[in-house]
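In the two complexes below, chain A is the common chain; its partner is chain B in one and chain C in the other.
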Partner chain A sequence: MASGPWWRIGWRNIGRNRRRTLITAAGLAFGYLAVVVLIGLMDGLTAEMIESGTGVLSGQLQVHDVEYRPERKIYDTIGGRDGADVERLVREIAADPVVEAAAPRVFAGGLVSSGESTVAGILMGVDPELEAEVSSLMNGMVRGRAPAAATNEILIGTEMARQLEVDVGDELILVAPAADGSMGNDLYTVSGVYQSGMAELDGSYAVVPIGTLQILVALDPGRIHEIAATVTDPWMAPEAADRLTAGLSPLGLEVEVAAWTELRPEMLDYAQLADGWRFVVIFIVFAIAIFGVANTMLMATYERRREIAVMLALGTTPFSIVRSVLSEAVALGILSLAFGAAITFPVMFWFHNAPPDLSWIYGDYTIFGALIRPRLRVEYNFAMALWTGVALLITALVASLYPAARAARVPPADTLSGL
Partner chain B sequence: MSRAIILVRLALRNLRRQARRSAITAAAMIVGGALMIFSLTIGDGGHEDWIRSGARMGSGHIAIQAPNFQKSRKIDDRLAASARGAAVSALQSPSITEHTLAVVPQLAVVGLASSPTGARPAQIIGVDPIAEAEFSILDDKLVEGRYLEPDDRLAAYVGAGLLEGLDLRLGSRFVLTAQDADGEIAGQLVRVVGVYRSGVPEIDQVVIHIPLTTAGSWLRSGDDVTTIAVLLESSDRVERTSQKLNRELSAEIEAGDLTVLSWREAMPVLDAAVRIDDLGNYVWQGIMFGIIALGIVNTVLMSVLYRKREFGLLQALGFTPRQTGGLIVTEGIILTFVSGLIGIALGLFLTWYFFRDGLDFSFAWDEDWSFSGIAMDPVFVPLFRTTRVIQSLVFLFMIGIFASIYPAYRATRIDVAEAMKFER
Partner chain C sequence: MNRTRTLALVLTLFSAPTLAHGQESARDIIDRVDRIMRGESSYGVATMDVVTENWERSMSMEVWSLGTDYSLIRITAPNKEAGTATLKAGDDIWNYLPRVDRSIKIPASLMMGAWMGSHFTNDDLVKESRLVEDYDIEIDFEGERDGAEVWEFVLTPKPEAAVVWGRITYEVRKDDLMPVWARYYDEDDTLVRTMTFSDYRVMGGRLVPAAMDMLPEDKPGERTSIRYSEVDFDIEIDESFFSLRSLRSRR
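And now, the complex of A and B:
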């Protein structure tokens, strides 16, 4: 289409009514901005959901005994009743190229009592050093510090602290049914208070050193329920899970390696629906924009009908007229795209690096139990920015098909004779 | 007066003179208006459904509780008998019962549910089986067994998540432990009579319903309740009803005996989700109409520039610049208003015709989608509200005015002598 003089004619024609071109280009550029930023926001929300949903507690990968899920029985430890070489297992998992960190965990349900009041809690036994790399709980301390290994120290949430009316340094009694059927109980000191923002979590999860919890619930040191791991990019987790399943099989343990996509299938569904939604957004925005472009092109060709008649009279083929009109549309599209990109990328850069915080009007909310902060966070998505550009050019082209066809059918004799 | 009529007639004639251009601009407006109504009705319908399901899974559209209960969740903060009596009689006033679907008493405590397999924190709610079956959505989510019945004693209705977690089966026994009204730790043996799956993990793993009488004797709280939950026919009534309750119960509220909470206060996360979703919808409309408005600006502006000579002539014959501008604005408003009206009518009709039974997204997700404490129904049933239609019309009207201001301004600045100088 760029061959011959038609391209140049088209390009020059957009300069003939600068104001009109500018307004039309502003419409398309605004459409481009809207689509790219909206898609960025949708991606930002999905990313935030996955990060918040997997980063606070669960990690992006979990290794369990095959029997452990979904009942999560206290005696279904990795490697069955004999347990496993935990250190080696954690090392093997952490050695995977995309795994950032891995940490062993023991879980038990129990009552946490301060003497005056009692609440039910989920006790999570962790290796404090390794856990800090995996779950943001350990870094969400509002007071005090994480429990030190092999001590009777406990980290509780703000909600639980409030319900129990305790603070750092106070003592708590833990009562939990043990794996051997007995009831374990012991005295613990609050070493710190964390806040995740999710009331259910802050009110129910209590973190203690792994060895101490194993003693409380009568599990041998080699018996753990879970190894949770974080990966560099959440979307690499399923691959890493497959790789680890193969990699761990020589150890002879009956383990299951599950990525977040398997643990939280609804989050994956959501991410996929959001992906599909992008094209709906592009389609609707440009379907609306198409009318503006069509109108402009129609006006542009209408006011030039004499000139087109002259061209036709001088022997230009109707097809060449079509080409010149389409070239004009493409030129308009390219101009709009340049304009759109120029206004879009600064906005994206701003929203990506310093997302405007709407928490002064809106509270936090949750999706699938993942805490979402009301921020306008965007993720860069260059592929979609490119596709949106293509959609913009297609819009300009499609919008000018009808004006082009009309221009090609201008009757030269009648038009030139002044009719 | 007659001047205004002349202005309107002139404007109509001008629009007709450029029928094709007007039609294309109108088409953008019609599509936009139809899309706007479609997304607003579907959005409103969805929100109403979320609110209703949130209300029916928890403590209703309006909850009457002791002031501290919302934060403490402790049995100590239950409603005093006198406060409860006042609340119940206030709820019986005809202007409130008229719009009330159900009023239920609940005794909610936080405790531990334990079985030989393990123990889980649980939110245990003592309910009146018959009233609750009407009120709650959980009894409709039954997957196994039955809901609680009036003469049940040691029965428990539990979520599938908790059932799995504690490795229970229908008929299994397990123990509930919580702090009772005297501050002692008390245990209660119960049996699983029914299992539900609401699709919300926060509910399925936590909420247990037991008969209120069982809860009362276990926790030594007698007939006391922590919450009176009120279900209204529509969330539109919440504000008026809670104002009315606040007025009627002002003595008890001032005495610190009770507080009236709307679902927005009782479920702040759901409130945030609904408002954020609305914000998203408004942003989306804003973007669409921004693009449409630019198209209208362009069309009206071009029609002004083409008609320089005509306006020059009109002004030479005595039209004031103000009237010229008025003519342009009238054209813009007529164009947007008529096409907007058609668009809204079309949107209402199409939404009603195709989606009155709901826009079904179940191809994309099933009932396992949850957020902010509710399960998201994949079927969105549109909700048609007169206020929304009026809002949309006003919005379109403003777009019309807004889009014609610049072209009108240009028309007022026409130099009469210059405009009439040449034949173009």
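And now, the complex of A and C:
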């Protein structure tokens, strides 16, 4: 291969000043580490947001009557006024290959009162067993337990418990406008207090068994507002939604199957924005690195002016000089990449499997109503790791263009005569 | 003696211009309309029909009031709701629920909530008689409309008043001080709802509108109508009647 000697020369040249090579390679390697870990952290944050934002309450898929959203009227139950075969519907949805669990829900707005104190609440009727697999609300108990099916038991959030000054075992009154226009009201016992970490949720959602709520608001057992489902991978939800829409159509119900990407468009926007930022991160980090590498290469070629002059005097073409310098840069890039990968993957493995907990610095915070734990969680992204490697090599190459051009224009006679 | 006469003369002189004009301020007229409608105390029997997109229902009720601070409404039919009562004492509203034998206090944050599923809000019960306190009132129109001499008033909230409306317009007949309609606008000056008064007749010795219809602007076709079948004014009643204990005991 004609380029053989220039590769060899380039490769050997990086060994001539090992300390300088090592420092430059370390700079590029840390640049690689920074980019890959930063992208991993951004992906981790997005994943955390989606998991938390959909896992607490909404699920990644929701089935409603076509009329239900966005007004969420109590009358717009799945299957209209006649209702639907809820058990069968839940079974069909849970049977989808990516759906992990599905649970039926009834919603009503109403007053939750301890007598002296009253708050407006969103009453959610659930099947306690199925719901526990869909929303983490049922598992986020601070005190007590989830309400048992077919009882007048109620689960409320810590914030609502605080406002109403009640605790497990206390009595609450629910008043809700029923579907027939009457004012449904009844007494309930607090069976548990949950904490989702989101004050809005903890202060407004009250959970009762589904049948109990249907009685309160005068809805037949076949009338529900929503079936929420979780899927194995959030990004498969839109696909599953399409599949379910087709799969449920033979039932003759006018339902809408919506994935979280549709229900929470702001989350999808954020995820897409974060995707776009990856390339900005790559650009910023390597744009800084370019100057470091260019400086090194400039020094290296300047030191070797006499040697280059000799090569040119012996008949080496300026283009071959350029090639040797570029080869040196690529060799440096490959070395840096190997070094970078060697330090990056252990860090990624660590952050992915045991994310460092920063809760001693920051408390929990929320993005779009999704609770985020302050952890350095990273998601693997091999495609981006590959792209970052390519970016590193391009950086090394681009950084040495100018030094290479300078080297090729060394005037042999003047340089050798010591001018 | 002399001094008294001087004082009387001064008073006469000062008050003369108002009397001479034969005209009251807009505020005084509204205040008088309020007093006619309310009396010192009152008792009434009414039915309320609520028509919504999804259901229609009718409720019968008894209403007591004392001054501007106290009122009590007790549902007498249908059976499902019979005994349900709403007590207003000052700024507080309590609902008594016979089914669970409990009274719940409606917090300030829920004052805009619907009262008994109707198009009236809890706030309407609290604020109904406070127009002259909470609003600056001006006459916007004076003259003949639909064959009757009327005033149209514009009520704008006083800066410090805690009210929900951006503006209320109110038409009152001149000859008998009977209200014709009231229109409620939000802060963006969009018409939110219209209340109309009709079926003026003498009840309890006074001319009053026996029918009131509340029409929400955002839900065409929906309405809440209240029809009084019996009204009595200045009845024997005192503050102890409007207590939580009595709310509960008279089931």
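Heads up, the rule we're going with is that the second predicted complex is superposed on the first by the 416 of 419 C-alpha atoms of A that agree within 3 Å, B and C clash if a C-alpha of one lies under 4 Å from a C-alpha of the other, contacts with A are read in each partner's own complex, and residues count from 1 in each chain.
Assume a contact is a pair of C-beta atoms (placed from the backbone, for glycine too) under 8 Å apart; a residue touches a chain by one contact, two chains touch by 3 or more.
The shown structure was predicted, so the numbers you read here are calculated from the model rather than taken from an experiment.
With the two structures aligned on chain A, chain B clashes with chain C. In the superposed model, A:Thr245 makes contact with neither chain B nor chain C. When the two complexes are overlaid on their common chain A, residue A:Ser204 makes contact with chain B while staying clear of chain C.
Contact with chain B, but none with chain C, is seen for A:Ile122 once the two complexes are overlaid on the shared chain. Using the contact criterion defined above for the overlaid structures, shared-chain residue A:Leu187 touches chain C, although it does not reach chain B.
In the superposition on chain A, no contact is made by A:Gln195 with either chain B or chain C.
Within the superposed three-chain model, A:Ser136 lies out of touch with both chain B and chain C [touch as defined at top]. When both complexes are overlaid on chain A, the residue A:Thr151 reaches neither chain B nor chain C.
In the superposed three-chain model, the partner touching more residues of chain A is B, compared with the other of chain B and chain C.
In the superposition on chain A, contact of A:Pro177 is made with both chain B and chain C. Overlaid on A, the two complexes show chain B and chain C touching the same residues of chain A, namely 73, 111, 113, 116-120, 177, 181. Residues 50, 52, 54-57, 80-81, 84, 95, 97, 99-100, 102-107, 109-110, 113-114, 116-117 of chain C touch chain A in their complex. Those residues of chain A whose C-beta lies close enough to touch chain B in the complex are 19-20, 23-24, 26-27, 30-31, 34, 38, 70-74, 108-111, 113, 116-122, 162-163, 176-177, 181, 200, 203-204, 265-266, 269-270, 272-273, 276, 284-285, 287-289, 291-292, 294-296, 298-299, 303, 361-369, 374. Contact residues on chain B toward chain A in their complex (touch as defined above): 20-21, 24-25, 27-28, 31-32, 35, 71-74, 110-114, 116-122, 164-165, 167, 177-179, 183, 185, 201-202, 206, 268-273, 275-276, 279, 284, 287-288, 290-292, 294-295, 297-299, 301-302, 306, 364-365, 368-373. Interface of chain A with chain C (complex): residues 73, 75, 111, 113, 115-120, 173, 175, 177, 179-183, 185-187.
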